[in-house]
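Think of it as A, B, C and D in the order they're written, each chain with its own count starting at 1.
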Amino acid sequence: MEPVAEPRLEAWERRTDYPLTVLAVLYLGVYAVQVLATRPGQAWWWWLDAALWAVWVVFVVDYGVRVGLARRKGRFIIRHPLDLLVVAAPFFRFLRLLRLVAAISVLGRVLRDDFRGRVGSYLIVSVSLLSFVAALGVFEAERDAPDASILTFGDALWWVLTTITTVGYGDLSPVTTEGRLVAAGLMLAGIAVLGTVTAAIATWFLEQVGARDASEAVAAPPRADPADLRHAELLAELRDLRRRLDVLENAPGEAESTRARS
Amino acid sequence: MEPVAEPRLEAWERRTDYPLTVLAVLYLGVYAVQVLATRPGQAWWWWLDAALWAVWVVFVVDYGVRVGLARRKGRFIIRHPLDLLVVAAPFFRFLRLLRLVAAISVLGRVLRDDFRGRVGSYLIVSVSLLSFVAALGVFEAERDAPDASILTFGDALWWVLTTITTVGYGDLSPVTTEGRLVAAGLMLAGIAVLGTVTAAIATWFLEQVGARDASEAVAAPPRADPADLRHAELLAELRDLRRRLDVLENAPGEAESTRARS
Amino acid sequence: MEPVAEPRLEAWERRTDYPLTVLAVLYLGVYAVQVLATRPGQAWWWWLDAALWAVWVVFVVDYGVRVGLARRKGRFIIRHPLDLLVVAAPFFRFLRLLRLVAAISVLGRVLRDDFRGRVGSYLIVSVSLLSFVAALGVFEAERDAPDASILTFGDALWWVLTTITTVGYGDLSPVTTEGRLVAAGLMLAGIAVLGTVTAAIATWFLEQVGARDASEAVAAPPRADPADLRHAELLAELRDLRRRLDVLENAPGEAESTRARS
Amino acid sequence: MEPVAEPRLEAWERRTDYPLTVLAVLYLGVYAVQVLATRPGQAWWWWLDAALWAVWVVFVVDYGVRVGLARRKGRFIIRHPLDLLVVAAPFFRFLRLLRLVAAISVLGRVLRDDFRGRVGSYLIVSVSLLSFVAALGVFEAERDAPDASILTFGDALWWVLTTITTVGYGDLSPVTTEGRLVAAGLMLAGIAVLGTVTAAIATWFLEQVGARDASEAVAAPPRADPADLRHAELLAELRDLRRRLDVLENAPGEAESTRARS
């Protein structure tokens, strides 16, 4: 699958990347305020909800433009399932926060640029953001559900922690469909986190071991390089030839002088 | 254990691989319909059950033929425990779906062919298939059991998710023997999934780090290659020799002229 | 910490390794029969218990001899904590099965000898053995405890599975001290199993990726080796010199002839 | 982010490292005695509490001095969040034990110095210490809480084990905020432990596989080094030239003799 040049699409994404990220962060803020500070039915709740719908419309427009600009539209849609999900599931308001994945990548870009440092930064930023978002989502989904166990935002944060680390006490667990969708995302994220941490440590180990071997190699007595030995042999041959030629060059000269004497 | 050539067995497996895979997929479909849409005792249920038994007979015949074609029959049986399980445990209808492992490998074969892409495709396809199959199996096993906690197919899917990610809330867990067999398979699969994800990330990391080192090496000022230095030295020697020989060749000519003059 | 030669100790261990392993396997058999088929107070139970104590005495004697043969006794004791545990905790009959760790290594030795195969065999053999032993231990510890949840051997096996895979539903969990010691061992083993599986997959991945790169390297058009280029240059120089010398050698001959004509 | 030289800060830390570590160990001892042997309201409890506060004051002074000595104070504070936590949260007495992280590093320093050995030692020492400290912290936080499940120190140790291995039965789980903070630290530690164990095993595997390949390479028949072949060719050329020159050198001599005869 050779990459296809999508100049116009990429230009659009370059231009809209930051504003949309800012918008997504605002969305998160408004969403958090709505979930934590207001309740459905209050006047404020309606205003905030309207704002969230407005942001969603912007996301839909952005998605439409990108599909329109893409040369291979089918491929674009297949390659961007999260964006499709954001647009296609308007009533899972929680899902719109998927747009924050872009925010994470932007944050990652402005962070320190050595590989390990970037991995660490990504991990911390994305796990924190994901945990907060998931806690909001599960709290909103569960708090009014019958026989739910996650009733406060503190419970939601605690449940997120036990889930993303795959500990899973089960003292709290979601009972609604939306809450379980959040859980599904969290568990997959948890596996990715475990894998990333392990991989980072393993990479570091291998470098350590490699470094140690290297230092041992340095410590070892420097054995002669075969290439140098071969070189010395050729050089000796050539120097010998030169010596012979020195003699040879003077020989004819003598011959002249002897002939001159006769 | 050097591999043994099994030409006839391999020929048979090449010929029957696709049809049996299609059959296994059909089996899954019929099984799903029977489990989700009908109940024991209904007329439909009996028809579907007959179809499932028919497929099982085909599997038994296939297994028998393969044992018959294998040169080292004992080794074949030991090396294909899953197939034996399918044939030997006719009343664990669920187990027949193990034949789908072949379906996965076929699917894997038709998928993109770079290593990482193939691993990813295998992982997604097999985990999705496994989860669906396990949910069907545990749902069928548990739904009518006394004091079971998995009562709907949604519960079954949720339980599969918590199990394969090794989160294991325990809000739902199987109580029947067949349900626990399904769980055992899922947990082992979960470990394999965790391991594969981690390994994939670690491989990617190591390549990144390697690439970074490489780029640094490129960035570094190109220090002289000792081989080039040795080469230059030899070449200088040879060029010197040639110069001397040029002189030498003309010398005898002079000698002629001088002799001519005398 | 340079290794210390312990010729007499090693000789003893070589001689006693197999018999003690057989004894440990017998111990497991007797222990299993006692736990699963008899109950304290029955005549049979006492006979089996006497046999178990007899085996323990043998282990104590073996340990004493090994300490006696070891040159650096303190170091030996520190390096063999499991053996010390077996000897020092006579009333945790379960712990004596730690001696089976030796059995596993012996089994491993007789198994196929390529690295990956050996790792796989170790893993399967030791995990199966460990699970069975742990199930016996926790079953014996829990079955008569007040408000215990593990009441049948089937429960014990199921609990072992949920624990060693770190899923940990918590539908069953030990409540006695001895049961929790068993659990501690299982959980640590579970981490080791997860780690080993992941490591094996990662190693395989890295080899795959390496192999792929290698094959690509082969596929790539063979670019000229700088060493060959340098070599060709030197050779050209030398061949030129030879040509010149051919001319030079014939020149004096001519000179003779000319002189002869004068 | 190039490291900044902090000579005075480092000098201070070198000087205070050991004493503060000893102090932290003492703190742990006093804290353990207070939690396990006394109850709030008893005279002893007050004396021990005073001692703990005194140690905390020392930590605060040390932190203040280090901030004062640091050239880039903001960076120092950002880079030492744990120390800040110790100082800023005086009423989470548990958190002061974070200072023991230094103790672990000191212990690590005095331990065996090959890489793998050090990793293993760190792992064992830090996991044991962490588990004990976490058990103390969660026990103190939970034991008097309404509807808490962790009521004895044994329960606390068992809960720590199920949490750090990410098994998470959920038969016991903290309900207080401080208990859940302890749990958060433990779960993150658990992920790190899993990752470290896996990474260590993977590193060992890769070395095994590498070693095996190396030994195979040694076993393989030594194929001719192209460099040697090239070298031999050049040498043959040069030896040929020398032979020619030998002839050439004697030729003029003959010429003389012939001339002398005429």
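Throughout what follows, contacts are C-beta pairs under 8 Å (C-beta built on N, C-alpha and C of every residue); 3 or more make two chains touch, one makes a residue touch a chain.
Which chain is which protein? Per UniProt: A, B, C, D = Ion channel.
Keep in mind that this is a model prediction, so the values were computed, not measured.
J.: Taking mean CA positions as centres, which chain lies farthest from chain B?
T.: D
J.: Can you report the angle of the rotation that maps chain A onto chain B, using C-alpha atoms only, to the nearest 5 degrees?
T.: Rounded to the nearest 5 degrees, it is 90.
J.: Out of A-B, A-C or B-D, find the interface that copies A-D, where copy means more than half of the contact pairs are identical.
T.: Answer for A-D: the repeating interface is A-B.
J.: At the chain C/chain D interface, shared numbers over all numbers used: above half (same) or below half (different)?
T.: different
J.: Just give me the whole-number Å value for how far the CA centre of chain B lies from that of chain C.
T.: Roughly 25 Å separates the two chain centres.
J.: Rounded to the nearest whole Å, what is the centre-to-centre distance of chain B and chain D, using the mean of the C-alpha atoms as each centre?
T.: Each chain reduced to its C-alpha mean, chain B and chain D end up 35 Å apart.
J.: Residues of chain A touching 2+ other chains?
T.: 166-170, 194, 198, 200, 202, 206, 227, 234, 238, 241, 245, 248, 252, 255, 259, in rising order.
J.: Can you name the residues of chain B that touch chain A in the complex?
T.: 112, 154, 158, 161-162, 165-171, 193-194, 197-198, 200-202, 204-206, 208-209, 212, 226-227, 230, 233-234, 237-238, 240-241, 244-245, 247-248, 251-252, 255, 258-259, 262
J.: Report the residues of chain A in contact with chain C in the complex, numbered from low to high.
T.: Of all residues in chain A, those touching chain C are 166-170, 198, 202.
J.: Residues of chain A touching chain B in their complex?
T.: Residues in contact with chain B: 1, 114-116, 119, 163, 166-170, 173, 177, 180, 183-184, 187-188, 190-192, 194-196, 198-200, 202-203, 206-207, 225, 227-228, 231, 234-235, 238-239, 241-242, 245, 248-249, 252, 255-256, 259.
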